[in-house]
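Just dropping this structure here.
First chain written, first letter: the chains are A, B, C and D, and each begins at residue 1.
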Amino acid sequence: MTRTIDLNCDMGEGFGAWTMGHDDELLDIVSSANLACGFHAGDPSIMARLSREAQRRGVAVGAHPGYPDLWGFGRRPMQFSDEDLRNLLAYQIGAAIAVAKTQGARLSHVKTHGELGHLVVNEPRVGELLIDTVMAIDPELVFTVMATTGFEQQLQRRGCRLAREIYADRAYLDDGRLMPRRLEGSVIHDAAQAADRVAEMVDRQCIVTASGKRLSTPIDSVCVHGDSPEAVSMARAVRTRLEEMGYSIAPFAGQA
Amino acid sequence: MTRTIDLNCDMGEGFGAWTMGHDDELLDIVSSANLACGFHAGDPSIMARLSREAQRRGVAVGAHPGYPDLWGFGRRPMQFSDEDLRNLLAYQIGAAIAVAKTQGARLSHVKTHGELGHLVVNEPRVGELLIDTVMAIDPELVFTVMATTGFEQQLQRRGCRLAREIYADRAYLDDGRLMPRRLEGSVIHDAAQAADRVAEMVDRQCIVTASGKRLSTPIDSVCVHGDSPEAVSMARAVRTRLEEMGYSIAPFAGQA
Amino acid sequence: MTRTIDLNCDMGEGFGAWTMGHDDELLDIVSSANLACGFHAGDPSIMARLSREAQRRGVAVGAHPGYPDLWGFGRRPMQFSDEDLRNLLAYQIGAAIAVAKTQGARLSHVKTHGELGHLVVNEPRVGELLIDTVMAIDPELVFTVMATTGFEQQLQRRGCRLAREIYADRAYLDDGRLMPRRLEGSVIHDAAQAADRVAEMVDRQCIVTASGKRLSTPIDSVCVHGDSPEAVSMARAVRTRLEEMGYSIAPFAGQA
Amino acid sequence: MTRTIDLNCDMGEGFGAWTMGHDDELLDIVSSANLACGFHAGDPSIMARLSREAQRRGVAVGAHPGYPDLWGFGRRPMQFSDEDLRNLLAYQIGAAIAVAKTQGARLSHVKTHGELGHLVVNEPRVGELLIDTVMAIDPELVFTVMATTGFEQQLQRRGCRLAREIYADRAYLDDGRLMPRRLEGSVIHDAAQAADRVAEMVDRQCIVTASGKRLSTPIDSVCVHGDSPEAVSMARAVRTRLEEMGYSIAPFAGQA
């Protein structure tokens, strides 16, 4: 019996002449690509090129919408009305669906970026409006969601398709949230250590927190990064370890 | 027997705090709204509001994509690679589809804006890539196209759905193109005169040029403007005249 | 003996094809124009045209910098590092200085817009960095500042040139702040009432709060609006009343 | 007797989270930095940081204004009215002056970017409006100009300060223009070859064209690039060679 697990990565985060990360190498490692949708990064042609390359390699194409802030890369806190949030989400997801379609790819999932991602997890009201928006556009879309969060529970209550993810390179607090980056030990830089940790969490289907606590959860996807050569090595190490454990790396094992 | 004809108008051409035209009054007059898609005008919330209002009144919602140039309102000539043109079209059309969907509306048609519109009509290569892009996204989408142009013929050869339009307030050259705005008499300002002219062209299914020549063509839609109080009066006069002639005003009578 | 007082107004808040307010009428009423600098509104050509028109009529040209957010018109809260705030202020003020120069005008003053304006008044740290930035660029620039605020005191401590302003159409709380717009009575819509109120405050050199309290302060400028025909009438009424009181309307009477 | 020559390089061409080129290494090699001004690349904080770093090392800070097109990096042809060209130039140059001032630097020169640069050289009308604009802002500003072009002659007729530059890595046509990039041999990739060539041209004060023709001209500056590790090596090789020839590398030897 082969078990499958997904590896996801944010990609397409360049803009025009600017590049970011190592998208082409990553496409040979991961099974799901979360594509920036033009508001905080990504332009229509980057989106098209990566949709095509992903499709060609059997990598699932997802939308990674963010705040409309190229200068701030979607990481600056900004305040929007619920109406504006709904519409900027719909706009970006629709753009990604259509661009992917022209490249023969069907958009498979949605994962919010940066401050918008934080807002979705921290404000149940915003989580609901994201769900409303995505379900109105295409109820087959999968939500990529941090395992054990309240947003995961919202998605389940609403009967949405979801992929619960863990982060390969981030330490966890005992409540399942990521340890803030400013704290010592919050980010794992060693590829072997990250691979070991992912292996343990996937094997036992739990999040292991920095204090050693275990939070049981199905794990459908592992989020890796590709913004530095070291990050690419780590992504490769994680993939290799999972394959050694008998996992096949493929888009979204887990569905609601 | 009731005959139907479409009245279309560009709308949603504000941005954020800025408004343009008289969208709400126009929605009570026309049967098709061409919504700016955020690149030259229009923002996600304007697109959503107009989609909702159009849907509520039975007005068809279309995409009106343009160049990425808010400052120039999509009217400045700009040069793009074919790849970029394809992708900026797909991006905007997809955004419009999804935003409309969240408001219960199904995107019905596509009409290009400003310089992008000129390019489509003047460069068969660009017409082809617009067709490729739209057909890849949704082959049910109707192309709103100036009657008697080469682009109309391209659409027919490709088996696309199309609505042939005439302009209520613009004089025509003998080859079916619009008389350039800088020429005397190119723009009709009198509502009654515009209504008379539309009535004649629709009645005889031909374009009447400035020199009096008649170019036979099916006419599926009449394009009106709404950027001034006078334009709104003209649109109303055109509608009234068509109704007096026994036409019912409804989205896209004509299909390939 | 003629006394002078300044009337200031935000202007140039269109962008490209979009207009806002009644700039040309206002230029015949006020003595200081605060020009949007391209980040939340205003484009280089609007800035140039208004600089030229202002200069021609003896109206002082000022910079009205805001957040980089055309969609939100600089009214959405956004978080910036101090470094970014300093630099976005310098950038916009410098742009305004140079555009004004090409039209024969010398930039006379600075007044921050929208959320950036609130931040300057509410966060002394931001007030300081605005002062640092403006003084580094041109220490002759006048700061237009709400009378009786802490920022006014910061400016005085730093020896800056400043013009203390009151608002013609806004009610005041007892601590000198504006009554929030959501509260009943916060905005004055009647031109005569606004003129009476300005006359009383200027005559007695105090702010009269909604509760009737008087806060003594020199008053160097009165801020009027021009975003509606009624606003223009009010601006005219305020000017007329001040002239009847023997005031000459001229750029910045008050200096540190 | 020490002779001096300038080495200039375009810098600050990142935007927000995106970087481009090797600015910090280049600042130790060149004597003039041409800073992107926010329209095609560069943001206020990048401009500030590079102004500060340049100033600290005695490198002259210049403005490198371009078209308002982040997606196209200022390289797409766009059509602007003369009015808009004037104002977008003034806006960006003013922004650069003020940002530099807050970092203790005085803006020394102006060099236009990408398609705007081509337009200035190819359209004397645009060259004139650039001159008008810069002279109105600060007549001390130096124009960095390709040696032997018509624009150089325009600048001389107008009595402007100018620095005539040659390109270290580009082949020349017999009329003094750069050989188009698509032609074989148009770009020199070998550092030693570039250094030899620069040495010959500087030594004899002429441009040596691809066919071996010599075009006599004073040479005030050598333009190097820094967008790749190889480009940085080439810049360093050019500097070393010039120093070996007895030149001191310093901002703008040549003035009108």
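By our rule, a residue touches a chain if its C-beta (ideal position, glycine included) is under 8 Å from a C-beta of that chain, and two chains touch if they have at least 3 such contacts.
All of these numbers come straight from a predicted model, not from anything done at the bench.
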Hop count on the shortest chain-contact route linking subunit A and subunit C comes to 1
Chain pair with more C-beta contacts, B-D versus A-B: A-B
Separation of subunit B from subunit D, taking each centre as the mean of its C-alpha atoms, in whole Å: 45
Would you kindly tell me how far, in whole Å, the mean C-alpha position of subunit B lies from that of subunit A? 39
Shared interface positions of subunit D, touching two or more other chains: 43, 71-72
In their complex, what parts of subunit C are in touch with subunit B? 14-20, 41, 43, 70-73, 75
Of subunit A, residues touching subunit C in the complex: 68-69, 71-72, 76-80
Over in the complex, which subunit D residues touch subunit C? Could you list them? 38, 43-45, 47-48, 83-84, 86-88, 90-99, 101-102, 132-133, 136-137
